Amino acid sequence: MSTAISTQAQQAIAERFRTVRQRTLDLCKPLTPEDMMVQSCAEASPAKWHLAHTAWFFESFILNEFLPGYKLFNPDFPWLFNSYYRTFAQFPEKRLRSSFSRPGLDQVLGYRQHVDEGIERLLEAGAEAEVLKRIELGANHEEQHQELLLTDILHAFYTNPLRPAYLKKAGQPGDEELRTSNSQLRHPGHPAKGFVKFEGGLVDVGFSGDGFCYDNELPRHRAFLEPFAIGDRLVTNGEFAEFIADGGYRQPELWLSAGWDALEQNGWRAPLYWNDVDGNWQLFTMHGEIGLDDAMDAPVSHVSYFEADAYARWAGMRLPTEAEWEMAAEGRAIEGNLLDSGELRPSGVAGAGEELKQMWGDCWEWTASAYLGYPGFEPLAGSLGEYNGKFMSGQMVLRGGSCATPKAHIRSSYRNFFQPETRWQFSGIRLVEK
Amino acid sequence: MSTAISTQAQQAIAERFRTVRQRTLDLCKPLTPEDMMVQSCAEASPAKWHLAHTAWFFESFILNEFLPGYKLFNPDFPWLFNSYYRTFAQFPEKRLRSSFSRPGLDQVLGYRQHVDEGIERLLEAGAEAEVLKRIELGANHEEQHQELLLTDILHAFYTNPLRPAYLKKAGQPGDEELRTSNSQLRHPGHPAKGFVKFEGGLVDVGFSGDGFCYDNELPRHRAFLEPFAIGDRLVTNGEFAEFIADGGYRQPELWLSAGWDALEQNGWRAPLYWNDVDGNWQLFTMHGEIGLDDAMDAPVSHVSYFEADAYARWAGMRLPTEAEWEMAAEGRAIEGNLLDSGELRPSGVAGAGEELKQMWGDCWEWTASAYLGYPGFEPLAGSLGEYNGKFMSGQMVLRGGSCATPKAHIRSSYRNFFQPETRWQFSGIRLVEK
Amino acid sequence: MSTAISTQAQQAIAERFRTVRQRTLDLCKPLTPEDMMVQSCAEASPAKWHLAHTAWFFESFILNEFLPGYKLFNPDFPWLFNSYYRTFAQFPEKRLRSSFSRPGLDQVLGYRQHVDEGIERLLEAGAEAEVLKRIELGANHEEQHQELLLTDILHAFYTNPLRPAYLKKAGQPGDEELRTSNSQLRHPGHPAKGFVKFEGGLVDVGFSGDGFCYDNELPRHRAFLEPFAIGDRLVTNGEFAEFIADGGYRQPELWLSAGWDALEQNGWRAPLYWNDVDGNWQLFTMHGEIGLDDAMDAPVSHVSYFEADAYARWAGMRLPTEAEWEMAAEGRAIEGNLLDSGELRPSGVAGAGEELKQMWGDCWEWTASAYLGYPGFEPLAGSLGEYNGKFMSGQMVLRGGSCATPKAHIRSSYRNFFQPETRWQFSGIRLVEK
Amino acid sequence: MSTAISTQAQQAIAERFRTVRQRTLDLCKPLTPEDMMVQSCAEASPAKWHLAHTAWFFESFILNEFLPGYKLFNPDFPWLFNSYYRTFAQFPEKRLRSSFSRPGLDQVLGYRQHVDEGIERLLEAGAEAEVLKRIELGANHEEQHQELLLTDILHAFYTNPLRPAYLKKAGQPGDEELRTSNSQLRHPGHPAKGFVKFEGGLVDVGFSGDGFCYDNELPRHRAFLEPFAIGDRLVTNGEFAEFIADGGYRQPELWLSAGWDALEQNGWRAPLYWNDVDGNWQLFTMHGEIGLDDAMDAPVSHVSYFEADAYARWAGMRLPTEAEWEMAAEGRAIEGNLLDSGELRPSGVAGAGEELKQMWGDCWEWTASAYLGYPGFEPLAGSLGEYNGKFMSGQMVLRGGSCATPKAHIRSSYRNFFQPETRWQFSGIRLVEK
């Protein structure tokens, strides 16, 4: 591995590290230490745990190995804040994270500072290539947890019967006010649905270039695609409400068998966070509850793969494969309603015509592709090999990032993955013509 | 109902109210707001919830009804902090209490103060008999939650993989120290086991006198008892360790069928909070982990009814019925290792001979009696009738209080009750000769 | 133990043995080998298993021990058909009984014959007292399984979506007809509800006399009862339908807390085997489905303890304790709608006035007493000690037998017991005035 | 759709229909009516249900629609024996099939005969193309159930604690003998492992030709493959035993995360049907239990996808994709240890060198491909569209057939699919070089 890294590249990585670390703290500003204890479903973790675990990653895979004389902040933390790296250390059952009242938030913040100082020392000394690569990996890892932190808090606040809001409208009263009223969504008008055609053929899929990517984006490889026409924007809440009104949740023939089972077991009759209040749909968001009427043109979000698939079947369409999606996205500038916009909910799009819109941000887009290794896939060596590869079973690929994804984090080859019944992420629908 | 209440009685109740309310706050002093969020098992509630619910009781059953012009602290709290009074209001599922990060601890403390002020206004005005009776009921209710708050925190800290201690030894370092080392238990020596004989006959069972009692202690009624001889002290950890060493947890013939099922399903091989560390038993307590060697003479605690019953069978003995226990206890001064001692764990007894010891405090004593209504039992009128009566199914009676029971709370007719597999309370064993 | 047994007593026991054994076979006549494979709920066993297990009891506890040179029918059967006697042998999980297609029915019938021959040889040789006692125990054991076989088949046929009937009306077509139409129930008219008064006082409870009883009916002991007035007949379907119509299944205040949980989890809105067909209640019985209108005066059956308790509360009454019930029943001739009547369903009563009716048969009567050992209770020695004693936890006592109980089997001190949520037995309600 | 069908084609389909129908009955010859009631796991159905459901298919999709004046055998059977066609009729919960003691086996056989007669009448009349196509579909459907019937019986007999054998050795005693001793497996010697190379490139995948195929094998489409080298035979029991001995079931790094969870939850430490008897592996088969030593060269069977994947990782190899497998298989004559051989268990292979062996029969081969629709996939119209398409979620593709697959049923484009934790099928492993 080359050890010659330009000073400029070093500075870029250092800057990225500092920015990411600071943003995690910024995202916690609206939260109390008590908020940061809540773990409201099996998929989620407490915000405090995210704070600690992202520090743990830098300590475990960088400081321990590369910083001479590094002293652990606390000898229990290496196993306490391990998520799932079996070859690295023992770890507590995930559900126990809700019992971590100790260490307190102050200690966790101290842990983060301790780790930051260690990384800064490494950077000052002129880190070798492998260290810089891992710092970059750690920054990307932390960005994933930023998104999880936000979606976990959304679920936590939804579970709280008082339904507090993460974001407050400007001019609202302070802490004693538990609920916020609706804020304004941008209403750019409902553009006519268009489809953009692609020729297909023998295409290259997977990451290429000099920057960072995860192991699961490699190797770049050839795949054959038939011609296809992909929707120019995401399916909206208004369109999805038509599916509901048309009995979409009551017709098993629209659903995959496992999807119908999930619907029945969980009593689904709308996306997660939709509530029927006296016959009107209310949507719970990071801004509190809003009426469907105020979000008709925003993309539908918090749908499972099963709902996305059923909607597509109802609409006479299908979902894109991940190769199709990637072909459509490759080379497009990364602009959109990402975490950096601060909107923190999917929003409508301006513009019309057959130009692809919302490829980045708003909602992760369910694809029709199972999450499997690319031909020739090799996980990273050592414990870091557990990062992605061992989850290649029973999950579907999502593409394009969401309103909770940092802009620096996403790219056309990026593969997110969740089980098909997952709904707590910002996950939506883009159609392809059959 | 008589409305003439002496000033002295009024003052006594007012004093009791204030003492109880202050003690709840005192018990929370070692806890952080984060600690007060943890709900680590289905039986338990977060400490913050206990703080709020005990205020809710006074508000719902007294202030709402009897204080003219009383203004709710928060319009959501009447349903949010309702535990299980179905005829009073809706209530959230119990497991959701871990999501109540809002209201924050400050708001809950404000709620308590708001309620306290309301009660004080009622007291100043010269409360009528029914009000005083309910304040007394509320004080007793809060004392029950004091005990639950402590046993819930013990479980929460046990669930936390770091196993922090609620109590710290004098002279120990401060907050940054998560674990405490063993503190000293009193070692009065292991008194020879004695049995005290009672004649039995037609006895009166149930509460009598002028003071407070729960509805389930009434009516006082006649029951016939054969002569019996009851153990003069509780079974110790050392004695219980012999049962374990003798294969007590591996011999189904010692166990009730449902008990053996519970043993197999839960993998029981010792009381809750006993851990086998390299062949040595460690006991987790409010003082942190201690070695069995340091607690041989203390009463065994955190055993289920099934374990108490199996131990008794192994020892060639049986458990007392609740009527036998009450006959033995009636008229004895209430002295012992109760909450007021501050010990917060069962401790050994001095003295010997055939004098009954440890009838009060240390551990709740499992009886052989199912929890059912006494002949002629009538629950309180209205929603308060849900307090005790509706739980008269599937539970066994325990008597005598524990090291977490306020001294003012316990009496000879007091009936505690839990399901037979329950272990998170301070529950122990007293034997009767067969 | 005395070994001098009169010839007459010997002959009586031999006769009892033969009668019981034959009746088990007779009860299977309406069943096919396929019917005898079904195990439709966790409580039930296949009929073929009942046939085999009742032979196993005689083999294991009598022939093995007392018949010199006895040769096992099959060396696997001692563990294969053991139900739950842990100190005797291993046994398969109960749910696996549905996989016992081998041994086939022929082999099981051969097993029964083999065992019968062994017992006959013992009887011919002039069996000693302990042997005769155990044969009597075995006959009683088999009678219990006769009742279970019938109730298990009722459940099996109810689970079969075709709902076949165990009994066919005279004059009906043959085997190809899967469903029977309603048969006639006796309609004696609905007698006015009366209550019979008892003085109470210090009474003797438990078995007395020379005949057979189970260990759990001993020792006879003193208990103190207040005066009480007990219903002169069972609660009818018609009366229970009023409870349903009055919202009895929708009012939590009528229910024990565990009962309401059971109602919600299982979706109870009527007794087991009641089906709402287009707004009319249909009752599934051993005679097939009948309309409620044809069974208004018959006792309500297949209710849990929770439903019995809720009904009593709604009616302003309570359930009897087992001591009260026994006091009322003691000395009364055993006559009623028992298995011997062949009716196989609860039926209405003729007569009126304040004479106790239906004390025997029709339905087991839930009492308000938990199933616990009597003062001084000692289980039988050895493996037979597992018969009754180890189930003394979490169950309620029922008294009086049902339409599936052999007349020879029941007596005033007889204690049946089931968990409070149990509904697949013929279990009904007798009230006591509060 | 063309209606001109040659007489020859008509006769071929008629012959195929009769052969398939007869074979189903032949497969049931070793079974008693009681055996045919057992449903021993959630995946399985009773043999009698398979008999009835395969008749139901012909009745529901052919006779009802195409035979004028067809009279249902029984008006309840259309819903009673529906498996999962929601758009066709209601159907009972799958687990209830074990309660179908009525209709008895005789009635089910009568149902089959009734349906056969109907089909014969259609054939005599000169069936139109659509009818012939559906008869062919029904024959294929029944062949799938033949395999399921056998694997379900294997599981049923394994669940029976007596472990009876489906096949008896020649010269063995009759029905009274419940267990068979080991029969001989062919021992051709353990051929050296070889790998056969394929060039890859842009290949065609999916069915082509005139014969029958399922909708999920279409449309034939292009896919790009890199060069690969595929194992010339299946992994043997002996080779898999080395994986076990090397701690393969104790090293999480070899397993997918979901696979390790399955291993822990189910306590896997060997393939299904392997039992450790005093340190020696015994394998339960259709011939009864045999020692591993007698089956070292036979292919390992009854492994889940997770085990196949972990084995491949341990061996430094990978599993083939379904396109790779199909490329290797296309054009090869269908010969091997299929149902027609009557062996009913995987067996070793003769021959050596780098010639592909065991591509057909022995064991289904897990591929690395998730079961999804091919590009442009369209399910059949109407209720038959529920046959395959709705299961395209959460399953992995298997290829090549097993020793329980009829020879006439399998082809190179055939796609079988099961959830990755499935083990009750004859499922094995073929490796590909990394």
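A, B, C and D are the chain letters, set down in written order, and residue numbers restart from 1 in every chain.
Everything below uses one rule, namely that contacts are C-beta pairs under 8 Å (C-beta built on N, C-alpha and C of every residue); 3 or more make two chains touch, one makes a residue touch a chain.
The shown structure was predicted, so the numbers you read here are calculated from the model rather than taken from an experiment.
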{"item": "Required steps from subunit B to subunit D (each step between touching chains, minimum)", "value": "2"}
{"item": "Chain located farthest away, centre of subunit C as origin (C-alpha)", "value": "A"}
{"item": "Subunit B and subunit C, separation of their C-alpha mean positions in angstrom", "value": "39"}
{"item": "Geometric centre distance via CA averages, subunit D-subunit C, whole Å", "value": "46"}
{"item": "Multi-partner residues of subunit C (each touching 2 or more other chains)", "value": "none"}
{"item": "Overall pattern in which the protein chains touch one another (line/ring/star/complete/other)", "value": "ring"}
{"item": "Chain pairs that touch, as defined at the top of this document", "value": "A-B, A-D, B-C, C-D"}
{"item": "Complex interface listing, subunit C residues touching subunit D", "value": "32-40, 48, 76, 80, 92, 96, 98-105, 107, 156, 159-162, 164, 175-176, 178"}
{"item": "Complex interface listing, subunit C residues touching subunit B", "value": "84, 86-87, 202, 221-224, 226, 252-253, 255-260, 305-306, 309, 321, 368-370, 372-373, 375-376, 385-386, 390-394, 420"}
